[in-house]
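You will see two complexes here that share subunit A, one where it goes with subunit B and one where it goes with subunit C.
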Partner chain A sequence: MVALRKILPASFLAVVLAYLYAPIAVIVIFSFTTSPRLSIPIEGLTLAWYANAFANPLITTALRNSLILAVISAVLSGAMGAAFAFWLVTLKRARLRATLLTASLMPAIVPLLVIGIALAVFFRGVGMQQGLLNAAIGHVLVSLPFVVLTMNARLETFDFSVLEAARDLGATPSRAFRDITFPLIRPSVIGAAMLAAALSLDEFVVTWFNVGNQQTVPVLVWGLMRRGIDPSINAIATVLLSVLVCLVVASNIINRKKVK
Partner chain B sequence: MLPAGIFYVVFFAIPMLCLLVLSFWRAKGFELIPDFTLDNYHKIFTSPLYRALMLRTIGVAFTTALIVVPVAFAISYVMRFVFERRGQLILQIILLSLFSGYLVRIYAWRTILGKQGLLNSTLQWLGIIEQPLEFLIYSNIAVVITLSGLLLPLAVLPLYSAMLNVSRDYIEAARDLGAGKLHTLRTVLVPMVIPGLRTAFAFAFLLSAGDFVTPALVGGSQSMLIGNIVADQFRGIGSNWPLGAGMAFVVVAVMLLAYLTVMRLIRWITRW
Partner chain C sequence: MTTAVEIIGVRKLFGATTALERVDFEVGAGEFVSLLGASGCGKSTLLRIIAGFESPSEGSVLIHGEDVTRLPPERRPTNLVFQRGALFPHMTVRENVGYGLKVKGWERTRINSRVDEMLALVRLERFGDREPGQLSGGQAQRVALARALASEPQVLLLDEPLSALDLKLRQQMQLELRAIQKRLGATFVFVTHDQTEALVMSDRIAIMNNGRIVQYGTPRDIYRKPNSVFVSNFIGATNLLRGTVTSVENGQASLQTGSGTYVIPAIGSPLKAGQRMVLSVRPEAVRLQGEGARVSGLVTEIIYQGNNIRVGTRLDPDTIFWAEGRDDEFDGIAIGDTVALGWAEDAATILEDDGT
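Take a look at the complex of A and B:
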């Protein structure tokens, strides 16, 4: 009886998950099929699109640039976001804390289009040529809110009495941070930094307005998409997808280890 | 806190101000000329093209929100009250789709809905249709289908966390007192998750209005949204940065106004 009662909700859930994952499944499956068109029935399997994709001379540059941006975002957003979240939880006044948390989430609520063009205007105003550095700043900005949010959720369970104990025993603030605080929050910081890397690898809108003539993987993919259906897009997308999924799942697993 | 604080001010607050200031400037070719003119705003409010695009954007965003919010509500209900112990796992699976390739998912819908795409070729192969269904791609329908898929995970997040705070006892008490299923939903559950509903609606409505990639890839020339025009002012032929800056502020203001109106209307009708 119980199982029967759950059939309807379970099938609803299945339909919604299919709706969310069908596009992803389509891309992965058709990156391996011989027909250049996505059609049923499938004719045969091949790895040619991967070879094709990686023969594109632009892909190496795009990959290198994307990796540079991801590392910068992970390190800078991870460090700044973690420090900010840590400072936030030590604030005594609850109202101020809530206001600052909301303010720090603003870049995630404002449409990316607006952030992208605002940064482009700003960089033009200060005379900074469009390029990778501008894009890197944009990536750090859009990933910071997510780092602050995940760090904040983890730090709410942080036991500050261990810090007081260290201080009472004569540890300087920097020593207490190095020997007590950082080892305790390290898993969360690494998890948040991996999330920032994933966001950066996938970032297109802000990048597009600020990167100038440089390539990143999403910018390259956009260029190919605008030209029409090209099966090597499926291959590049599948590689990007696998990296993103690995990063996000790993970030989740690391983050789930409790801050003791 | 200092580094992040400075970073936010220099690279977020100041650029926003720059954008606002620029919207009162003029463009002459590629030159930006400092000025204090309302010409850009005048142009935006008097052009029939921009007005039509704005109305279409509101329509598409509203339709998307009308699909996304009820589905997200039902999914959150199932996660919270039916598969209670698996709730967190299901949430992780739903959120994972959010991080799996923004451009890729939009492009995938083009290959699914296209004239010779997966859906049409499957239906033809099965003999259900003779001619491909052409309204599926390069249309407002394609834009709504794609945007709904992109924004659904974002709407589930606030609704599910709102429902986590609703104790099963309240629902059961209402049922024990003789309230029917629909009556319980309307008078107990929905009023208790109103903040979550509001956030979910805001995400779906405001973010679909700001998306220009979806209409560019799956929408046709007849389903461009206001975001496409804004983007063109910054990276297109004949771009005009001051005009684009003005448009960005008008879009955000109009969408906020539309959002607040809808919220007020709902409150007025339902008295929640």
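Take a look at the complex of A and C:
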């Protein structure tokens, strides 16, 4: 009985984890197998699908576009989100602060489909051709709430008396920002920017409605899937997955450095 | 003595609440002045108004005769030592101390020699390359002091800089701060809620209550001649005997209280019969007395404090009268004894009953 009581929770945990990770594991494993079909047992290992993927000009273009969007999201979302969060925590009225924070986080729970369509309609209304620029605007919009959220969490422990100390010692507000504020919040800003890049890299819905005939990695993969499963897709997915994991892990490590 | 800081009719409102009510206040050059009061009395607000972090709703601030009311903190000849140091965590001790000089555009060699001088002043010569995170609380506050003094402010402002330290260190730092102030001949305005700290360090103390300065004077004046019941209660311990003046004649008044009637000197004072007054007697002025005793009662408490002993005597059901003296002065007294107590006439202060 005692043994069972111990085993039950452990096996439940194992089942949940397997459920969470099995599909991902399958993709990663089959990106390395010789058989073009998902089949077991595995016949042999190969890197051919990776070579295939990178030989395809469509895929390299898509990869380039995805990287451009990721960088734009990181820079714009990171800067705007950090500035907004910084301004937010300096507000004295607690209720106003909470309201503004909630308001800035709302878009994160609006369905992406709604955001995608709304943006597409809006861009058409103002006469902007679908393309990478529209997609970039969409990506910044989608990642901004998450940047604000993480920056806000970090800044709540920020000791603002160091800024007063700098002013007191003769620094103008802009000098104090350059010498004190920015070096202190830089790790958090970079961490949040990496999160924005990660969100941008796998964004599909908003991109699909706004990118026009350009391709990003997720949009391209979706297109390829419609023509049947190509094992190259597994390879692309695995590459995308590794980049994302790296970004999220790096973002976490950087963010763990406390804002002193 | 020239005036270093002059506060003229300063009021401060935060929304509907009044933090300061028309404060007038001045600090002489080279003086060590403490702003003393309980939390929320307005002392920190007044300090921050002098530093330039708050602007007064009314009134003006002058530093060495120059009106600085509209100047931002970076353009005022004041520096502030913050409650928790507020050292820059990403800079070394040397960089912290030299920051103000760097901002002012000093040459590096000049900054270096000044930083050396400051670190020597606070006895942290070997700590220059440490990061603030590697300092103890007392060291961090000494660095904060060195940083604030480095650019030779005309007035140094200190916002409870010792309150986070433990008692021993605090007492040591009090003496150190005072010694540094005297050596430099600098003007210090020190905010504290700790009356002992204020008494030990200050040339003058301004006692604040509800956004007002209720008394401003030397520690001795304030201790010996409190001008209100609030001050006599706030500074040190005291016995308060509340009552009504029943008669005034021949330069003497009678104060009738729940525990008896006391004769008090009334020469040159506007005492009138029927007034509610309070007689304040410091415990250390109270002695065991045979003849000429003024009060008597049963001893209900004896508190041994090592160097001192405190004896509480019940005068009436509501009043315990405290006497404090050296241990041997109360030899042979035990709880339950009846004792007679007296005090020198000039040791008692007669105050208006302001209900506090």
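Methods note: the second predicted complex is superposed on the first by the 252 of 260 C-alpha atoms of A that agree within 3 Å, B and C clash if a C-alpha of one lies under 4 Å from a C-alpha of the other, contacts with A are read in each partner's own complex, and residues count from 1 in each chain.
Just so we're on the same page, a contact is a pair of C-beta atoms (placed from the backbone, for glycine too) under 8 Å apart; a residue touches a chain by one contact, two chains touch by 3 or more.
From a predicted model like this one, the values you see are computed outputs, not experimental measurements.
Considered on the superposed subunit A, subunit B and subunit C are sterically compatible, since they fit side by side. When subunit B and subunit C are set side by side, the one touching more residues of subunit A is B.
Using the contact criterion defined above for the overlaid structures, shared-chain residue A:V75 touches neither subunit B nor subunit C, since it reaches no partner. Legend: residue contacts after superposition of the two complexes on their common chain; A:V245 is shown touching subunit B, with no touch to subunit C. Once the two complexes are laid on top of each other via chain A, the angle at subunit A between subunit B and subunit C, using C-alpha centres, comes to 100°, given in steps of 10.
Touch criterion met: A:R167 reaches subunit C, while subunit B stays clear of it. Applying the stated contact rule after C-alpha superposition, one finds that A:D159 touches subunit C and leaves subunit B untouched. Of the two partner chains placed by superposition, only subunit C is touched by A:I180; subunit B is not. Shared-chain residue A:V26: touches subunit B; no touch with subunit C. Of the two partner chains, neither subunit B nor subunit C is touched by A:A48. Judged by the touch definition given at the top, the superposed model places A:V89 against neither subunit B nor subunit C. With chain A used as the common frame, the shortest Cα distance separating subunit B from subunit C works out to 22 Å.
Judged by the document's definition of touching, no subunit A residue lies at the interface with subunit B and also at the interface with subunit C. Chain contact summary for the complex, subunit B toward subunit A: residues 1, 3-5, 7-8, 11-12, 14-16, 18-19, 22, 32, 71, 74-75, 78, 82-83, 90, 92-94, 96-97, 99-105, 107-109, 111-112, 114, 116-118, 121-122, 125, 149, 152-153, 206-207, 209-213, 216-217, 227, 230-231, 234-235, 241, 244-245, 248, 252. Contacts from subunit C toward subunit A in the complex involve residues 51-53, 72-74, 78-80, 82-84, 86-90, 99-100, 103-104, 133, 147-148, 151. By the touch criterion given at the top, residues 6, 9-10, 12-13, 16-17, 19-24, 26-27, 30, 37-41, 79-81, 83-84, 87-88, 103-104, 106-107, 109-122, 124-125, 137, 140-141, 144, 148, 195, 198-199, 202, 204-205, 208-209, 218, 221-222, 225-226, 229, 233, 237, 240-241, 244-245, 247-249, 252 of subunit A touch subunit B in their complex.
Of all the residues in subunit A, the ones that touch subunit C in their complex are 159, 161-162, 164-172, 175, 179-180, 183-184, 260.
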